[in-house]
Amino acid sequence: ADKVTLQLKWVTQAQFGGYYVAKDKGFYEEEGLDVEIKPGGPDVAPVQVLAGGGADVMVDWMPSALAAREKGVPVVNIAQPFKSSGLNLVCRKETGITTPEDFKGKTLGTWFYGNEYPLLSWMSKLGFSTEGGDDGVVIQKIGFNVDPLLQKQADCITAMTYNEYWQILDAGLSPDDLVIFSYEKEGISTLEDGLYVLEENLEDPAFQDKMARFVRASMKGWKWAEANTDEAAEIVLENDMTGAQTEKHQKRMMGEVAKLTAGSNGELDPADYERTVETLLSAGSDPVITKEPEGAWTHAITDKAL
Amino acid sequence: MSRALPVATVIAAIIVIWYLGAVWMNAQWERDQAERAGVEITLAEIIPKTMAQERPVLPAPHQVAVELWDTVAAKPVTSKRSLVWHGWITLSATLLGFAFGTALGVILAIGIVASRTMDISVMPWVIASQMVPILAIAPMMIVVLNAADVGGLVAKAMISMYLSFFPVVVGMVKGLRSPDALQLDLMRTYSANGAQTFLKLRLPASLPYLFTSMKVGVAASLVGAIVAEMTLSQDGGLGSRLLNGSYYGQTMMIWAALIASAVLAGGLIPLIGAAQRLAMRGRPT
Amino acid sequence: MSGAALPVLALVIWAASWALNVFMTGRERAWPWVRYAVPALFGVTLLALWEIGVAALEISPVLLPPPSVIAARIAGSLPILWVDFLQTFKGVMAGYAIGCGAAFLTALAVDRSSFLQRGLLPVGNLVAALPVIGVAPIMVMWFGFDWQSKAAVVVVMCFFPMLVNTVEGLRAADHMQRDLMRTYAATYGQTLVKLRLPAAAPFIFNGLKICTTLSLIGAIVAEFFGTPIVGMGFRISTEVGRMNVDMVWAEIAVAALAGSVFYGMVALMERAVTFWHPSQRG
Amino acid sequence: MSVVSASALSLTFETDDGPVHALSNVSLEVEKGDFVSFIGPSGCGKTTFLRVIADLERATGGAITVNGVSPEAARRARAYGYVFQAAGLYPWRTIGGNIRLPLEIIGIPKAEQAERVARVLELVELEGFEKRFPWQLSGGMQQRASIARALAFDADLLLMDEPFGALDEIVRDHLNEQLLALWARTEKTICFVTHSIPEAVYLSTKIVVMSPRPGRIIDVIDSPLPKQRPLDIRESPEFLEVAHRVREGLRAGHSYED
Amino acid sequence: MSVVSASALSLTFETDDGPVHALSNVSLEVEKGDFVSFIGPSGCGKTTFLRVIADLERATGGAITVNGVSPEAARRARAYGYVFQAAGLYPWRTIGGNIRLPLEIIGIPKAEQAERVARVLELVELEGFEKRFPWQLSGGMQQRASIARALAFDADLLLMDEPFGALDEIVRDHLNEQLLALWARTEKTICFVTHSIPEAVYLSTKIVVMSPRPGRIIDVIDSPLPKQRPLDIRESPEFLEVAHRVREGLRAGHSYED
């Protein structure tokens, strides 16, 4: 069987359920693939792993993939299992925030490590300086969890619909205590978990073929996971070697993730790509990317696969 | 045991302070919750609630104890939900890295003491190497090691080594230089060669320094293993528990992992103390 | 350059520079500047090998940029590097002072009371051996995003090495030296100031030196878990994510430089205070 | 009142290798103003006895008082100055700093400290070495520095463990005279360990001869010599007779079988 | 061929406090089989001179050879055994282990090591203390252990820096006799620092009297005493005459003004 190493963007969880399902249900094996799934973690940059030859394909968000491309690591999107964005900015209601205009003078917490681009783009679109002051917002880097919101260290924080949002509710805040801004609804969403490979590898037809089979099996996994969220969550749980995940949380996450993958057969919609690029380019003084990328995606693989 | 009573007293004091801290630090949340719900809450109502929160700022000791019981005693040690299992994973990387680190530290120290060129050229860079924030390069190191086909355990041990060799170098250099002029002159009169002076004088004289440094080194090694486990979370280990506990807001899991790692360190350090007593038996105390 | 020539070239550079260093060390008495030239040459050699190696092995700049690129980045980013340095060093210095001070006082308490010695030392060892990485998120939650939480992490990190070394050092005075103090019926404080502390100084400085490096690591690592968007740790983690690996190394270089200067100052103090110790008399 | 009063004192060290009986059934009275020398083979317990008086070692049997109180109380009252067998100077202090040490501890004013240091340095002929560090001095000079340190302390009881062992005859004679003069002038009580029979006889009002392990007192000789002792008294018949008696006692006790 | 040949040797220590002239213009020949004693006031440079012979200190002027070669070459050839002024036992080794140390270093077989250790322990009367640690011994016992260590080494040249300083007269007499017997039997060359005039005269074929800083040789006395020396030779007129001459030399050199 052909060996494929997949580098995830984060730790083993239902966010990556489709891949685990494909592996567990033998979809990869059916395609003659022997897939190793490497979870990520804080400060694991999937692009680096890819560039270092530690993986053949990675899961990453498009803003950071495009940024990497501009930095000289030519990664190419070969498939886009996530159709829509699960990213939100969640604020405590008591801060008085009701519209994006109210962010002025407030403290917003975000993850960094390539995950900050969507927020920065949004702020520059709103015309807010991120340096603080009366006309700006204070940006803070937050760790992996929602404590800054709970402990009132930040007025708003970024939260995924499938994870942090539920943690906030679990912690005892009710939806009534919160004001939620969805990137999707604000029209500034950027593409999330897509599959990327190194451009130079794509020149090899054998590699193309391998990736086509990989994408086909992965999408089969995703569609199975969408249809069987609870079982998919259990597969994820089995693959979690840390024993830290809870069934309740993973099942819920799988349910939410299923909503994000729902509209995709794996093929990247060029319109989504354009919107992402436009959002990123429009960021003011310190844009994520400075020029229109070229060749950042291909349908070659999905065309073959589907 | 002459230690039992004092240790028990100190632990009791810590627990009392801990409970007070838990009440004090968690109370704000209860007050906020009451305010959001629009109800009045009295202190008598707050206190019990502060000790039973799911995401406390500081969990009460018994909450951590329950978690520890669940993950240590109530799970088979082969379960991935067992803290013993994860502790063992961390311990093995720690010990391997500590062995590498001590060996590297001792070898460097010998070189530094033996060669003036080594001393002035290498020592500043050894120091500078420690100013490199390990967490920043740990993932990169692991990426590189992985590309070179180095497995998880060894990769983790390398990080441990990186952190633990330094205290050993510093302490060992000092120890190897601690013999006084008279003791060194004696060796000169025997025209002892470098190896003999080392084995029969410098090494025994350095032991108190070496073991003190090793106690620091083993703690550093543990930290290194845990840092590496955050990157290599798929292998489990206390680091992966810390990461996941933090990520999923499972405060009890964090504290249980913290306590487990403290207990590990707490077990390793006396072991080194015992080795020290063995190696230095007969010397005046 | 051909594959075979490369290791040879590297080896030649290495051997030549080492030989030169050995030669210079031999003339140390005549040429005092050798003290600085030798480590500098050693470092330059490492950098040269790095530069050649990266180019020859065609290592991707997102994995490891060559020193020339890093140098250019340092030169081009001085203002950012400077504010990051200031932010981080606030936490380092405050934490270092508080952590080492607290450990020192604890060591005295432990030394004073055998009850504490037997009770606090084992427990203290446990508590202080907590891994930074677990402590940092908690400290950020307790002490906020700014430098105070970094200082708290540094305190926790420095405490243990300093405690162990100080306790060991307080045992260093030999029997006769102590007996002398007994004959004077010296008070505890007098014995401490005039005998135990001077005798402990080599050990205490050992702890202080180890803490310089630990405090820097601690402060930088703590910034990974929450920080205003400035600071060396913040920059490092952010720029890795942005594939600006040259900036990461620029920060690392500044950290190494600043940390080494910090260490060097402690070492100078050590030399002044423990001039009498055989290890300082050469 | 006796300055030191020991009765049936014994001391046993427990070692891994079995007990060592360092002192056994030692009874002795030292009166105020006495100059008592202890002489005996190496390892017989002289140092140990001095250490018991100084409360640096605790007897395992018998009773002892110093100035009528326990050795501990006497030590706390700073009743004595002690010259150790080895110099034991602190390496981080200069010679002057070492001598000043006890003065700082008992809280003598700065000016008087300087004055005392200068005086005792002159007494032991180390003028000009005040600023040197111990490792820059010869063995004999270190020993003299340690004597100076004890003299600067100026207690009424002086415990001296082979203070002049590393000194040449001339300096030794000189210091012997100085010590006698000091003793005569100040009425100090002195317990003095020496290996030199002439020195013991020349200096002492009372000579205690000890036998080897377990250390016992085998002879206590009260000196018939007058308090005024020129150096040439060492050729007088009384002197030689006492010396002879000491030598005999030593020889008798010198049975190495134990 | 001279064992030690020094001509116009001088040595100056540079200290923060200015230079210390420890040796100045010292010329001396020590022939094979000589027993040379060095005597002189404390701090006059005796130890320094021995250290120069032993290549532990380098002269700053003049020339010196040991066995016809440089001190360094002689040291490398393990030409001498050295007894330091302070015992300098390694605290982590037992007495036996300390004595065995040089034997291990020169690679003597185990069995012979044990035999030699037993022999020298007996010589210095420390049988039964082989397994003790240094800090469990009295000062004199430690010094004897360090003598034993040097004797076990068994070199042709012995450098001894006040080896018997902390010993009582009886043991000292005994060890003096032992040392003389050893010297007569083995034809060793011995350089011996002492503060005791009788000891110097009793032991030596040649007595070197030194004056204080800057250390100079002020007298070299060839002993008229026969090689066979019973202890009571010390009452003979020749003996007393030599002793007198040494004392005069010492006194003359004892000008403390410098």
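Letters A, B, C, D and E name the chains as they come in the text, with residue numbers starting at 1 for each one.
Heads up, the rule we're going with is that a residue touches a chain if its C-beta (ideal position, glycine included) is under 8 Å from a C-beta of that chain, and two chains touch if they have at least 3 such contacts.
Just so you know, these numbers come straight off a predicted model, no measurement behind them.
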item: Least hop count linking chain A to chain D through chains in contact; value: 2
item: Chain-chain pair with the highest tally of contacting C-beta pairs; value: B-C
item: Longest centre-to-centre distance from chain D, chain (CA-based); value: A
item: Chain C and chain E, separation of their C-alpha mean positions in angstrom; value: 49
item: Distance from the mean Cα position of chain E to that of chain A, given in whole angstrom; value: 84
item: Computed distance of Cα centres, chain D from chain C, in Å; value: 50
item: For chain D, residues contacting two or more additional chains; value: 86, 135
item: Multi-chain contact residues (two or more partners), chain C; value: 63, 137, 141, 175, 224, 237, 240, 277, 281
item: In chain B, residues with contacts to at least two other chains; value: 57, 135-136, 139-140, 143-144, 181, 230, 246, 282, 284
item: Chain E residues touching chain B - in the complex, by the definition given at the top; value: 51, 54-56, 75-78, 80-82, 84, 86, 88, 90-94, 101-102, 104-106, 133, 135, 153
item: In the complex, chain B residues that touch chain E; value: 182-183, 185-192, 196, 200-201, 204-205, 207, 280, 282-284
item: Residues on chain C engaged by chain A in the complex (per definition of touch); value: 60-63, 137, 140-141, 144-145, 223-229, 234, 237-238, 240-245
item: Contact set on chain D toward chain E in their complex; value: 13, 15, 17, 20, 39-43, 47, 85-86, 125, 131-132, 136-141, 144, 161-162, 165-172, 195-197, 247, 250-251, 254, 256
item: Residues of chain C touching chain B in the complex; value: 18, 21-22, 25, 28, 34-35, 38-39, 41-43, 46, 63, 115-120, 122-123, 125-127, 129-135, 137-138, 141-142, 160-161, 164-165, 168, 175, 202-203, 206, 209-210, 213-214, 216-217, 220-221, 224, 232-233, 236-237, 240, 248, 252, 255-260, 263, 277-279, 281
